[in-house]
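See the structures that follow.
Look at the two complexes coming up: subunit A is in both, with subunit B in one and subunit C in the other.
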Partner chain A sequence: MAGLSFDLIALQLFAGLALGAIYVLFAIGLSLIFGMLTVVNFAHGAFYMVGAYVGLYLISIGGNFWICLVAVPILIGLFGLAVERVLIRPLYGRGIDYPLLLTFGLSYVMVECVRIAFGKTGYPFDTPEVLQGAVNIGVGYFPLYRLFVIGATAVVLLALWLFLEKTSFGLIIRAGARDPQIVRVLGVDVSKVWLIVFGIGTAIAGFAGLLAAPLQGVIPEMGGTILAEAFVVTVVGGMGSIGGAVLAGLLVGVVVSMTSLFAPEMAKVSIFALMAIVLIVRPQGFFGRAGLMS
Partner chain B sequence: MTSKVTEAGSISRRRLLTTASAGAALAVSPFRINLLQAEEAPIKIGFPVPLTGPYGAEAQDQVRAGQLAVAQFNDAGGLNGRKAELVVRDDKLNPGEAATRTLELVEKEKVNFVVGSLSAAVQLAINNVTKERGVIFNSISQSDAINEAADFSKFTFHEALNPHMTSGAVGRYAFAKFGKKVAFLTADYAYGHEMVRGFLEVGKEFNIENLGDIRHPLGTTDFSTLLPRLQALKPDILCISNFGRDQQIALKQATDFGIKKSIQIIAPLLSHASRVAAGPQAFDGVVGGCSFYWGIEDKFASTKAFNDAFRKMYDGKLPTDYGALGYGGVRTVLEAVKAAGSVETDKVVGALEALKYDYYKGPQYYRKCDHQSVQSVLVIKSKSKDMKNESDVFEVLSTEEPNEKNLRSCEALGHKS
Partner chain C sequence: MTDATESIKEPRTRIVSWYEFATRHRASIAAAVILVFPLLMPFTALAVNILIYGLYALGFNLVFGYLGLLSFGHAALFGTGAYFCGIAIVHFGWPWYAAIAAGIAGGLLMALLIGVLAIRTRGIYFAMVTMALSQCVYYLFYQAVDLTGGENGLRGINVRTIDLFGLRIDFINPMVRYYVIAAFVIAAFFVMSRILASPFGAVIEAVRENEMRARASGYDVTKVRLLTFVLSGGFCGLAGALQALHLSIVPIEILHYETSGLVVMIALLGGMGTFFGPMVGAAVFLVLENVVSVWTVHWQLIVGAIFIACVLFFPAGIWGTLIARGRR
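Entry: the complex of A and B
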């Protein structure tokens, strides 16, 4: 196929970054929970899916997309709090595989519940009217809604960074991740900190699901495919590193995009090839701390 | 010699005694009830379809309409009072899973027939099992390979359209109307490959220019990295050969990228269930083919009767294209059972071959050499305005009447004529 122009490559690069933003948004919650709690949350995709369905439900009873942007993360966050308190907490102090297996099972339960409540068939999810259509970004046309997703991801990242780095509660969270025992000795209720971190992580997952809904519609299995991609992003970025997840997410997006341009059949494989290369050269990922899994 | 006879005689005497005592024991045991029931066991039709996964919406309609065909057969008295039963299994759109489920249906459930599948690739896996076990399989999803001598067997029937017929009909309509420069976006498996091959073949008659074929894996959820490239090729027609959720997402995202402004999108098949699941905007203006649309009820009494029966059974819902295939696939087998007066495989094969039927979409019959159902192909366009009800989603642009000329010849498929 001929016709590779500068504009096309630039547009392709941009499409990759936009796709990367979606990966980042999804992986960030996963990375946050793992980094702070060392819980590998296999139900992350299910929270993402439930987020999309809650949005669908809120709109069907008269809400709109903008209300959902606020309500969905709150509702999914509350659900996450309940899951942590009731299911995850009893497993702290045991091996890393206990919460992993629990959340794995939980994801099946959540998907099945949604199938029972909403049916196995997917639903359309319309892009909000003001964000429909494509705009010229200088090198070609790009969907307005995808630009909005990039913006929303940036806002979430900024808010998360400010919260973790600039507030005293953020300081406690970071300290708790380093050495929970010392923090406990200093008189901080670590279990409360973990509860809130899990809630924030799941709230971001629900938010990501809502943002993904207008891109692909909603279906009970929607969390499954993205979970694999999110794990790649988390592993490449370094388990538990938020900055790493951002860099890796964007990189994975660009790699997929550029492979799509030259060898579209290889696009799906390319992200796993990238992961393999990174793991060989730098087993802990870009910014991962060694020994987190042990 | 003499001693041998005596020996044989003594064995047979012993065997006679054992059998007699076993028979006596059986006569008084509760086992007997089972044996009596076995005589009246229902006619079982195994129905493996991908209930979960990207083609789930279509598969559920196949089951609904398949159940209708069974209910009608039973209400009409079955086969001299013997009722039929649909044994549904989820093949998860996976050839391995489908083969296992089919084997289970044949071995454990002892099904008499298998009808089902919804994938060009998965049906071949099912066909491999049924072919080997000598069980009739009526496939209700598109495939070209299943017609070919290598995969065909006398037990293999194909109620669905095949990619050659479908892409032929859509190509003949679209290439004459929308332009000659064509780019392809294709699901990277048998269905997509066979569709593109069909389009390129019919395209020769129209001298189309193939600008390129971009392949994506089955189950892709994001096409944003493929669309700019397709747009840059500047085709007159973008031909998207994928199905189910892939089709829903591809059309939705192509719409978001503004592709429809300058390019006509065509698809070999426009799925009714996918159009409903994705909403009117995503499919708006897209032209494609289908085997059935409920709207042809003005034209065929059989369509009207099928629609009415479906409406009655499912609270006023109308059947979809793949639903109709589920109905057709099960009904043809059950009608053949009635005609044969038996569930014996060879007799039913003969009855199916002799069938000239019109059960839901106008006249059809199974071609002798490959058991492909010769039938009409509808060319349709998705609409987003003036919809009379929630099922009023397509407009029929043209109909290609049933004609063996539009099929690949028996010789080309490797069958001896």
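Entry: the complex of A and C
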């Protein structure tokens, strides 16, 4: 265990938080969509992947990273709106599995379209120049870009929280998640709310994909892996709970980075072990409503 | 007047009785179709693939179609069957029949392990938890390089001849290979038909239709679900074992979640909760894949689009829609 100082562990903890931040963004969109529409979006990974590729494309035609940060969520969000309106809406009321199956098929189509447009091999994604290098965070030098990821996630979370808790539209969303029928009786066009929630969820997925791109590069299959891991996050945190997604996302990130420090070969398996433990001890997750699960 | 009504009614009853006859002898019909099937296919390897994936989908359909639980982790059951069979031959030098038994046991065991955890959840969670757990199985087999060959897959599953009661059968010959594998698939069809026709089969469907009522009738719903999942694992394990013998290699991709997705597509395309649906789905899917991949490498695009169309417009699948037409 030579060289395993306190500083190293602290640094690894921060790296885990940066990784966890991506999980949080991804899982929040998933959770938001499920909480409102009771649709498990299997294409969420594909939206994430397309977000990264749109960023790549925008930069190649002369845009910069900061433009992407604004443009990517808007474009992916608009795409999400179209998907909800055209493909998912006909399936409401037809059983909970159908939207899931549909989005699964959609993810096939999206991945293949990206393969046609960009090729099967991956691309590196340059970290923007301002965010290259490392800064001293007290326990050692930490890559600036990862700090930026944590910060950007915090900003998105704050904005989302303000939107949900402080605006009247957020109030409708929260009410709709609790009981869509009552909301409809009160004269709210619930289908419009669902449309917008799906758009917001996918926009956040695209944003997460863009943030993840400089960390791991972009390949068409990048969405599939994170989808399985995000399911772990939602099961651990409790489906439909935003707070649960945040806590569990960070926890999963830290667990991954800690096990890759101590037992690298177990890094991928560890989070599934975490999920197994949660399922045995507390099947509804940290913040899940017991009724949803059983 | 009476004559007229009878002449109108007659074809209707004939169809219904035809349907009942087909239902009663469904396994025999499946056997007959499987026996002449390779004659209809452009090449035998495709027919073998259809058999194996059809069996895999048959096992999956027990959980998805009859029990009503959507599993996205069946690749773990299929893959474990393949790996157990391969490991038994490569590392332990077991004869082929013992290796197939090992494959079935592997499927059952993995289904028990995944089932115990996943059955604790319901509905939409079940899909997510099974998918996450099968991803975990993927990484475990990926890491166990000494046993599984890791990234390169498990190589060297060479079964050239099959000894049966003193007979030596040439397993290399594609036609012979087809009929050896067909024998197992047909046996599986008979077992499946028996399970579905048994009182337990009725309980499985009762749990799907109305869980509360099944519980009120005194059935332990959790146990029924677990047992059904484990049985499904046995069928998928057999399919995996046959796949290992057929390919003489177990690629690690067999555990990838796309293999889980594939069987979902096949079952839905064919018709979930129907006896022949999985086989029909496998045949249509694999023939389609073969045809489309001749003129484009992007067959996933076509397949995905067809699947989306199926979910939107034909949720009963090909066979399910045909049955509904025939019954009307």
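The working rule: the second predicted complex is superposed on the first by the 291 of 294 C-alpha atoms of A that agree within 3 Å, B and C clash if a C-alpha of one lies under 4 Å from a C-alpha of the other, contacts with A are read in each partner's own complex, and residues count from 1 in each chain.
Here, a contact is a pair of C-beta atoms (placed from the backbone, for glycine too) under 8 Å apart; a residue touches a chain by one contact, two chains touch by 3 or more.
Predicted model only: the values in this text are computed from it and were never measured.
Once the two complexes are laid over each other on the shared chain, residue contacts for A:151 go to neither subunit B nor subunit C. Touch criterion met: A:265 reaches subunit B and subunit C at once.
Look at A:16: by the touch rule set out above, it reaches subunit B but stays clear of subunit C.
Using the contact criterion defined above for the overlaid structures, shared-chain residue A:231 touches subunit C, although it does not reach subunit B. Look at A:108: by the touch rule set out above, it reaches subunit C but stays clear of subunit B. When the shared chain is aligned, subunit B comes close enough to touch A:217, but subunit C does not. In the superposition on chain A, the residues of subunit A contacted by subunit B and by subunit C overlap at 265, 268.
Put simply, subunit C touches subunit A in their complex at residues 70, 117, 120-125, 127-129, 131-133, 135-136, 139-140, 143, 257-258, 261, 264-265, 268, 298, 300-301, 303-305, 307-308, 311-312, 315.
If you check the complex, the residues on subunit A that touch subunit B are 1, 3, 5, 7-8, 11-12, 15-16, 18-19, 22, 120-124, 126-127, 132-134, 140-143, 145-146, 215-217, 219, 221-222, 225-226, 256-257, 260-261, 264-265, 267-268.
Remark: subunit A residues 34, 38, 40, 87, 90-91, 94, 96-98, 100-102, 104-109, 111-113, 115-116, 224, 228-229, 231-232, 234-235, 239, 265, 268-269, 272-273, 275-276, 279-280, 283, 293-294 touch subunit C in the complex. Within the complex, the subunit B residues that touch subunit A are 51-54, 56-57, 60, 188, 211-212, 214-217, 219-222, 224-229, 231-233, 245, 248-249, 252-253, 256-258, 273, 277-279, 281-282.
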